[in-house]
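Two complexes follow with chain A in common, the first pairing it with chain B and the second with chain C.
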Partner chain A sequence: MCGIISVVDRAGNRMDGSKIKKALSLMDERGSGEGAGYAAYGVYPEFADCYALHVFFDNIVETKSFVDDLLKIWGTIEHDEEIPTFEGPNLKKVHTPWRYFFRPDASLMSGTPSPEEDIVTYLVMKVNTSIPGALVYSSGKNIGVFKAAGWPEDVADFYRIQDYEGYIWLAHNRYPTNTKGWWGGAHPFNLLDWSVIHNGEITSYGTNRRYIESFGYRCTMFTDTEVVAYLVDLLARKHGLDEEMAVRALAPPFWDDIDAMPRKEKEMNLAIRLAYGSAMMNGPFAIVVANSEGICGFSDRIKLRPLIAAEKGDRLYISSEEAAIRCMEPELDRVWMPRAGEPVIGRVR
Partner chain B sequence: MVLRIDATGLHYTPLNRQVRAAVRDGETEIVIDNVLGQRFIADGLCGEVRITVNGVPGGDLGMFMRGPTVIVNGNADHAPGNTMDGGTIIIHGSAGDAVAHSMRGGRVFVRDDIGYRGGIHMKEYEEKRPCLVVGGSARSYLGEYMAGGIVLLLRLGDTGPFVERGIASGIHGGEVYIRGEVDPGCLAIGAKVLPLDEERRARIRPLIEEFCRYFGEDPAPLIAADYTRIGPASARPFAGKYVWE
Partner chain C sequence: MAVGSVPLRYRITIDRDRCMECGRCVENCPYGTFRWEGDRIVVDSRNCTACHRCIAMCPRDAISLAEYPCDYRSHPLWTRDAREAIYNQARSGKIILAGMGNVQPLPPIFDSLLLDACQVTNPSIDPLREPMELRTYIGKKPSKLEFSRTPDGDVDLRTELTPNLMLETPIMIGHMSYGAISLNAQLALAKGAHGAGTFLGTGEGGMHPAIFPYQDNMIVQVASGRFGVDVDYLNRGAAIEIKIGQGAKPGIGGHLPGEKVCADVSCTRMIPMGSDAISPAPHHDIYSIEDLAQLVRSLKEATEWKKPVFVKIAAVHNVAAIAAGIARSSADAVVVDGFRGGTGAAPKVFRDHVGIPIEAAISAVDQKLRNQGVRNEISVVASGGIRNAADVTKAIALGADAVYIGTAALVAMGCRVCGNCYRGLCPWGIATQRPDLVARLDPEKEGEHVANLIHAWTMEVSELMGAAGINAIESLRGNRDRLRGYLLDEGMLKVLDVKPVGA
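Presenting the complex of A and B:
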């Protein structure tokens, strides 16, 4: 199970989090109260040029100075503060969520076309693997992930999600199956500009993890979805594949379908399957990936998880259930079920 | 007397309790307004009652139901008619994946399209023969692991051959009727095209007529149309795949 819903306003208009809270809570049955979360793009306009690092601290007194020191080696902390939270009867503060607005010093990373991003990626992996009691779970510019182990409505109230405004929202309600529910294991998963929500399981996790770790990424969150965020970062950011090609690598057409394609298309699909065999994801999944330019939803190629898309004016919605979309927007221009393995893309103009 | 229930903001548990209590008290006509995502509507209900669902219900509508008629004015989610035993579901809209999942009696009519795995594992026993009739189209794995019953796909508005992969994968009982031609490459393991004789035409004719009555279509061209009839190639399609004898 698990429930997902996402929306992009293609004109870039921002929406507060109140409606997506209602929509995600409508799918409470898809979760188990052990993980829920929201990601919003455009939430920090006053620090739009800084990387917003969200960190779960187990202990502010002992752990935080290690993170502060590490960040100061690699750049400047423009501002940092505890993320405002509001405990309720069903959700107590297990970790302290903190946010840094961080400006990396690009001159410190040589030999790469994207030094700032590589510094931030390095810092995320470094903190998560070497500073016990600290976990960076959100690291993009003008992006915030807000998640915890709880029901959708309790997590939303904990962060007062209605106080944030974004032009893209992703929301996820977790039903943990293969690993236990915990704060870091709630979705969305984020790295830099990328955020991922996922319903299902990546049964090829072992292969995918070995592949992605050979490029320097480190999986630290005890759940399969994390690997999707890193695969997308590798394919789309580092290797420059567009959304269609990245989805094709992750959920490729069947061999018999490739055999039946015209020559040029066949060669291209063969090349993708051969180059990215270890990035191919097996198992049941419905996934939405976002970056600052839009959202992209797709399911596994034999459609073992639900995925519904809808449009109303500038807004494109992707969700597990039509009812959740109609909870946000009762009258829709168009509702459809995307084909298995085919991406639905909503770009900000 | 018609009992009206306003489902606005109501969780499925209190909603379904109200419906069950009403049926127990002898109510025969129930209208549920403002339905939005409530699951399990009419599940396990028995008897002669007509339930109208106005809105978009959640999954597993009419699961284990035996007898009632449920009319949905909206799109249904996954698996309406799941393991249904008797009665009728009429959906004025589309439906999600696994429609009529494991159905063992009664009839499900969907005006528009259905998702993947429609009619998966439908079964039949003596006089119990479930039917799924779809006005629009269906996605891959239609009639997967079917063990009985009838799936009828009318494909209104579609003219080309049906090209969804994996039709009737592992079928070992029952029949799938698809209006028009079916791409042979789309037939899955265990499925076979069978001749459509007059007896079979007579078998689907009442289903076409009933569909047209509900949705205001003209039955004549649908009765006269050509259908591809698909059934099991053998009673044990995976005999050589999972066992060694």
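Presenting the complex of A and C:
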């Protein structure tokens, strides 16, 4: 179950959230009303240089000061505010979503190649593992994740998704099967620039989690998708693999195919499986990963979950259902079904 | 003699109505349980080891074997075993030897771990229709890869891979030396490993020329005695293993009695005929991890850095820390051998009381290596008491890359786990050098049995993986989420890092 839809405007033009709300709601029967969410890139142009930290607070009074203090140790809070929400009959506020626009002090973490990002990653893990009642669920620059436990249209109305504008949108409708439906468990999952939506169950979760945790990441959201966000951060940001190589690592070709490749390619694929075997994801899944430069969708190695791609002009769509894409753009230039494990990549120019 | 003799263990009876007096039992029992008295076969049950050879060979099913009912005064502490061991030692004043694995009635943890299967939301995978990948590489893996792009957009891999062993199944056969087992037995294992696309160990050293055709499937061992070790031997192996310890007898060395050192064994192991071959408990050039690292590197140097080097240790209390040290010694794999590991001969007190279970050891090692960020740099091989495909699967889910089997492979060749291997009279031609007994084992046929066993287990592992929705062994490795503990205490669940059933 679960429904995913994403769109990138390769020219970088921004789109408001009204269409994606409609598209996601079209896939209501893929969800259970226990989680839906949206992520948009380019939503905070006025604070484009700051990390936008979205935090769920169980209790503003007692918990928020701990987060404030922690952030102040590591940098400057340029601005913070409660994320505007609008309660409806179907969606009551369980947590208070808050956003900080935060500027880390790079000098506090010298000696790493990307100190700002390492500080933010550290803060996300720190808050999520040590401050009960606070959960950072979005931490990139000029990116916002908006999610809650509810139906797609209710979550969209709760945040007034139509009022935000982004050049990349991801949206997800959840049918939780392994873990409870709760706000933190809704998709998209985000860390820094990376956001992930996912339809499926990752049977290799135990392996992936223990692998990623050995690099210092801490999984706190009790769901397999979180681990995907961290894996992508590790492979793409820390190890510097490009999208294609990262997807190769997460959903590699079968040995039979590797054996049949020309020597150089064979060696490369062998190396990827040896080095990143524990990052390989198993089980049925269709995933879209985004960063500020574009989106990348791929499915599991035997395509046990649906994934469809389409193009219209500068826009590339990836979704669980063609109908959802057509709901956003009835006239498409091209619609295709990517093969198992084959990435569909849309880069912003 | 005050202690007198101990009662028999087993009673052999011949059903005289069925017996046709062919005399095969007389021929087959090397322990002399049967003998002719005139035209009648008489039985001396005291000699029986319960090896089942006579039963298997009797054309009329005329022989029956039962444990001899002998009621000592019942006592929960002073069991029959405890008392008989004392009688025997009071008489002999010696260390009691024993063969095969630990006989203490300790419950195998494997049996309290249950595997997972998919239902509805997550389809199970049918290995008959979908690819199921059990291919396993043993050796060092890079912790990250570096690529570069050529100006014309081509991608080049810049990281160099170190040599790995490629296995078509995560099941290998552990080390059993020529000497401890017969040449026919070793040949059969080699044929079996070859047939199954996997590897086996030479044991303590030396490779007999008869094994040369299978050298690409052999892992050559370097034990403290250095028997049979020269550069030719090292180069013949696909990999090299340094044996520090062994699960059946942690902390002590090896001993091959002089009687087993026939001309052939003497040649193979480079020791004088008839002399005892003693591998001391420590390697006399290894007193620290640095020393071990030196040996690892000199073996690599000797073989031009073309062979992975394994280090085998017994599972003991601080096994995780030792394994982490080994990971830093340039070794490519660490073999952890649990306290149920078999042996040709060990002091009984070691076999039954020293070491820890492989399940706990593997969990601890895997976790420690992860905590230190070096899990990728070394492969982990679990051994010691792997009885079936479920044990293999569970060992991998706990964190092993592959397993070694030992006793299971011998059982596939006929071994009845009688535990008398140290006496050199193995009725199945396995743990013996007596030519007439060795001749009982047909390497061709038994090699096929060994290969069959590995194939069968490999298929079962694929089925178990498919049921769990996993189609590559990499995704099973260390995947403790796919295990649940049943009737395990909280402490054990914590060590294994698995949830209890229902959670």
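Simple rule for what comes next: the second predicted complex is superposed on the first by the 349 of 349 C-alpha atoms of A that agree within 3 Å, B and C clash if a C-alpha of one lies under 4 Å from a C-alpha of the other, contacts with A are read in each partner's own complex, and residues count from 1 in each chain.
As a convention for this text, contacts are C-beta pairs under 8 Å (C-beta built on N, C-alpha and C of every residue); 3 or more make two chains touch, one makes a residue touch a chain.
What you see is a predicted model, and the numbers here were worked out from it, not measured in a lab.
Contacts for A:L70 in the overlay, against chain B (first) and chain C (second): which applies, first, second, both or neither?
In the superposed model, A:L70 contacts neither chain B nor chain C.
Classify the contacts of A:R326 with the two partner chains as first (chain B alone), second (chain C alone), both, or neither.
After superposing on A, A:R326 lies in contact with chain B but is clear of chain C.
Just checking: does A:S204 make contact with chain B only, chain C only, both, or neither of them? Give me first, second, both or neither.
A:S204 sits against chain C, while chain B stays out of touch.
By the touch definition at the top of the document, which applies to A:I83: first (chain B), second (chain C), both, or neither?
Touch partners of A:I83: none, neither chain B nor chain C.
So, does A:M27 touch the first partner chain B, the second partner chain C, both, or neither?
first
Under the stated touch criterion, which partner chain does A:I302 make contact with: chain B (first), chain C (second), both, or neither?
Touch partners of A:I302: chain B and chain C.
By residue count, which of the two partners contacts chain A more extensively, chain B or chain C?
C
Mind working out whether A:A106 is in touch with chain B, chain C, both or neither, as first, second, both or neither?
In the superposition, A:A106 contacts neither chain B nor chain C.
Would you check which partner chain A:M337 touches, where first means chain B only, second means chain C only, and both and neither mean what they say?
Once the two structures are laid over each other on A, A:M337 reaches chain B alone.
Can you list the residues of chain A that meet both chain B and chain C?
Touching chain B in the first complex and chain C in the second, residues 254, 256, 302 of chain A appear in both lists.
If you look only at chain C, which of its residues touch chain A in the complex?
118, 121-123, 125, 130-131, 133, 135, 137, 141-147, 155, 157, 159, 161, 164, 370-371, 373, 375-376, 397, 468-472, 474-482
Which residues of chain B touch chain A once you look at their complex with the stated criterion?
Touching chain A from chain B are residues 12, 36-37, 39, 56-59, 75, 77-78, 94, 96-97, 113, 115-117, 139-141, 165-166, 185.
Any idea which chain A residues touch chain B in the complex?
26-27, 29, 254, 256-257, 260, 302-303, 306, 308, 321-324, 326-327, 335, 337, 339-340
Applying the document's contact rule, which stretches of chain A touch chain C when the two form their complex?
Per the touch definition, chain A meets chain C at residues 1, 177-178, 200-201, 203-207, 209-211, 213-215, 238-242, 245, 254-256, 267-268, 270-278, 280-284, 301-302, 304.
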